[in-house]
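I'd like to ask some things about the structure below.
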Amino acid sequence: MNSIRLVRDELRPPGPPPRRHLLSVADLTRDDVERLLGTAGTFAASMDRELKKLPTLKGRLIVNLFYESSTRTSSSFELAAKRLSADTLNIKSVGSSVDKGESLKDTALTLGAYDPDVIVIRHPQIGAPQLVANVTGAHIVNAGDGKHQHPTQALLDLYTLKHEFGRLEGLHVAIVGDVLHSRVARSLIQAFELVGIRCTLVGPPALLPRDLGVEATTDIAAIRDADVVYVLRMQNERMEQGSNFVPSLREYAAKWGITPERLRVGQKVMHPGPMNRGVEIDPRVADSIDSLVEAQVRSGLVVRMAVLYDVLTGGPVGVRALAAAEVA
Amino acid sequence: MNSIRLVRDELRPPGPPPRRHLLSVADLTRDDVERLLGTAGTFAASMDRELKKLPTLKGRLIVNLFYESSTRTSSSFELAAKRLSADTLNIKSVGSSVDKGESLKDTALTLGAYDPDVIVIRHPQIGAPQLVANVTGAHIVNAGDGKHQHPTQALLDLYTLKHEFGRLEGLHVAIVGDVLHSRVARSLIQAFELVGIRCTLVGPPALLPRDLGVEATTDIAAIRDADVVYVLRMQNERMEQGSNFVPSLREYAAKWGITPERLRVGQKVMHPGPMNRGVEIDPRVADSIDSLVEAQVRSGLVVRMAVLYDVLTGGPVGVRALAAAEVA
Amino acid sequence: MNSIRLVRDELRPPGPPPRRHLLSVADLTRDDVERLLGTAGTFAASMDRELKKLPTLKGRLIVNLFYESSTRTSSSFELAAKRLSADTLNIKSVGSSVDKGESLKDTALTLGAYDPDVIVIRHPQIGAPQLVANVTGAHIVNAGDGKHQHPTQALLDLYTLKHEFGRLEGLHVAIVGDVLHSRVARSLIQAFELVGIRCTLVGPPALLPRDLGVEATTDIAAIRDADVVYVLRMQNERMEQGSNFVPSLREYAAKWGITPERLRVGQKVMHPGPMNRGVEIDPRVADSIDSLVEAQVRSGLVVRMAVLYDVLTGGPVGVRALAAAEVA
């Protein structure tokens, strides 16, 4: 968001340029990250009240455009918008014009004509959020594009780590599993580098890309050196299609599954969800007090509130702005 | 709701215990029922106004988590929440993480991390609402679990009967049809006993359990003794699977279908919907002035408003509370 | 809407009769059209503000009942309701009681028992909106019934034309394509006649009904005489079913597709969406500055706001009413 993106405006009425988007972790500076985490923290404080709704974005419209099913991410964005009093319009590819073969571009042009304040988009195609940014006047938030990026996941994980450890710089996180197909891993690696977190990739050779510029090992024992073990979801659907990446789920679990035995006492565990209990993560680990999974969900809500607020208001969050919002 | 349920709180931040749930009619006292019907009546009065929305639950979040499709129940709960100015988050199993094989427990933990005020849940598995109560800090309302319970249906039926007859005690209701598979029947039988309504079960031998502790007969003529004939939905999907419960829909309709000829003049008829016209209920009965089906739908809305209000506010509803709400 | 429709009220509590519906363009007078377009224009002005939401229909309930998938129309109605601060309840046939075989009549009776202010309905069956009007107490807006009517599409197209040309009377519009199966074309032809727009139908002989009382030709060159070329959607699903209406999509595109070469310079093009780029419309035309497609979407929003407002308030829109609404 440091490099504010200018878009072609030929087809639309002139609005207040320039717009702020969140398309990729690669666009963020360390200052951006700190500002966003700070805003999220401010919102988190208001979540402790009995009435959690803030009037901050009252009268605004957030469109959630999801081309892949996702309870977690779509409900998190929807609720983030509602907690800020924005209106939401949820468009899912199932049961929509998408069925009739309309192109993403035309869907975006249609939604753009409603002049929404923000379009949150998840799409299997890399670059889809940029395309929507190009043809609409809305602020765009990438909620996951193909194997490319999932920037709010990376931000919520940073928030979770900072909340847990009180700092980010100097932490060591082991990312375990199917790194090859994971947009979460790609986003995390960039985010970790930005804030000074050491990162080690661990997994089966076929799922471990060597071109990401970070340490990588096939030795599962390597996770013990890390402060946090970040377990990636093993995508059943990929394996059931008879690919050769992994012999079987059973074998994957035996070799790479995160069990209590493989962890140090007190070592923290994260997972972006939904979890395959008994595959990449042992249920005893998922339910242990060292699991940060619920904290991640909680962080996701306030981080997405912060992202919506930040792209829309464009400036640093001051005490004054939030205080005024609470009074309104 | 008399036996307020305490839950394990290890995994969650401490909230204001104890929480009130509506999991089963078996948890209710007669006082609970009378209080809830009274609240529903208060809300019903406000439904006569041109603007029916009340600010009572403004800023609250109601999650509707439906693992079975249902227009009636899910829209009734959604609207009940909206009429009270609460925000809603609707999660359906189709197109959600459920598709990815996430367990109910993990979905509940995720939703619980949003700190919703109430989770309304429908699930094919008996006990699912209790599981969600165990792992979240929300108030839980059971919107139907397997063949077990559907407590708001029982409450709305009591409300409908009271509105129609001016009393509950001493009424006689015949429940006709597939009692064996019906959570509606199970909930009604308990509710009827609680308030002093006599209940007779009528249906084909294979669909008539004998262990429910109430009168049961295979003689369809027995319905004439009742003040009200409560017709259960014949579940086509069950019959099409080639079960041996009933020979055919045609034969069922001939032997057990509720026709004008089988009713006394003025005898009232109820049905939880959706109706199979021409199977368990003759269209002439469904459309007659003695059908209370629309009244049941109308009752469902105000009873669900009352349930949401009651679990959240925890105390008896006074004139003062509602009056204050209207002013706010 | 001039001929206000009285309905049987036996089954419902008496409400304030008579109700206003928008079932068909055939019900509208020229005065109705002008009033609605005027209201839409008033709302369009408010869409230029940063906060676009108006409190006009606060506390009202709009039910969107869609038996056919449609991103465009359903999201347009949902947003129109939300921009006016109404609450919405969206019912789609997929995942609803419709799955359980409930009749439209019973679904309507159920929804009607909620006393919604407006029911917006799309249904594959001609006359479905009238049926819902007959059995509920709500104001009904037809969002498309079979091949019959799609009145808000016609109104938004008139609004778009008036905004573009400054007038309606005397314009000449060529409607091109599958007129036979198009409810859009049927609605447009009536609307054009009402306001004095000349209309020419152009298309393959098998898709060109001759009984609509307007000029019709199979000569694609005829479009050059028109001020506007209105391109109908070629329904793939129909062609894939092996009908004999059109030999193939490729051949249709070659003979009837709207390309830059077939248009005069500056000739305007409209399309109700979603577009099949490369079939009935060349991408260069879809993206040209003479395309009014996005303007149509924009018009759809304010026209539907005007329709909801008009059926509910029943009277002409005065400056005073809107001004008061803004203050509230």
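In this document, chain identifiers A, B and C correspond to the written order of the chains, with residue numbering beginning at 1 in each.
Rule of thumb we're sticking to: contacts are C-beta pairs under 8 Å (C-beta built on N, C-alpha and C of every residue); 3 or more make two chains touch, one makes a residue touch a chain.
The structure presented is a predicted model; accordingly, all values stated were derived computationally and were not measured.
Chain B is reached from chain A by a rotation of 120°, derived from superposing Cα atoms (nearest 5). Taking shared numbers over all numbers used, the chain A to chain C interface scores under half, which places it in the different class. Between chain A and chain C the centroid-to-centroid distance comes to 38 Å (mean Cα coordinates, whole Å).
Shown for chain B are the residues that touch two or more other chains, namely 94.
Interface of chain C with chain A (complex): residues 47, 51-53, 69-72, 75-76, 78-79, 82, 92, 94, 236-237, 273-277, 286, 293-295, 297-298, 301.
Taken together, the chain C residues at the contact with chain B in this complex read 10-12, 58-61, 87, 89, 91, 94-103, 106-107, 109-115.
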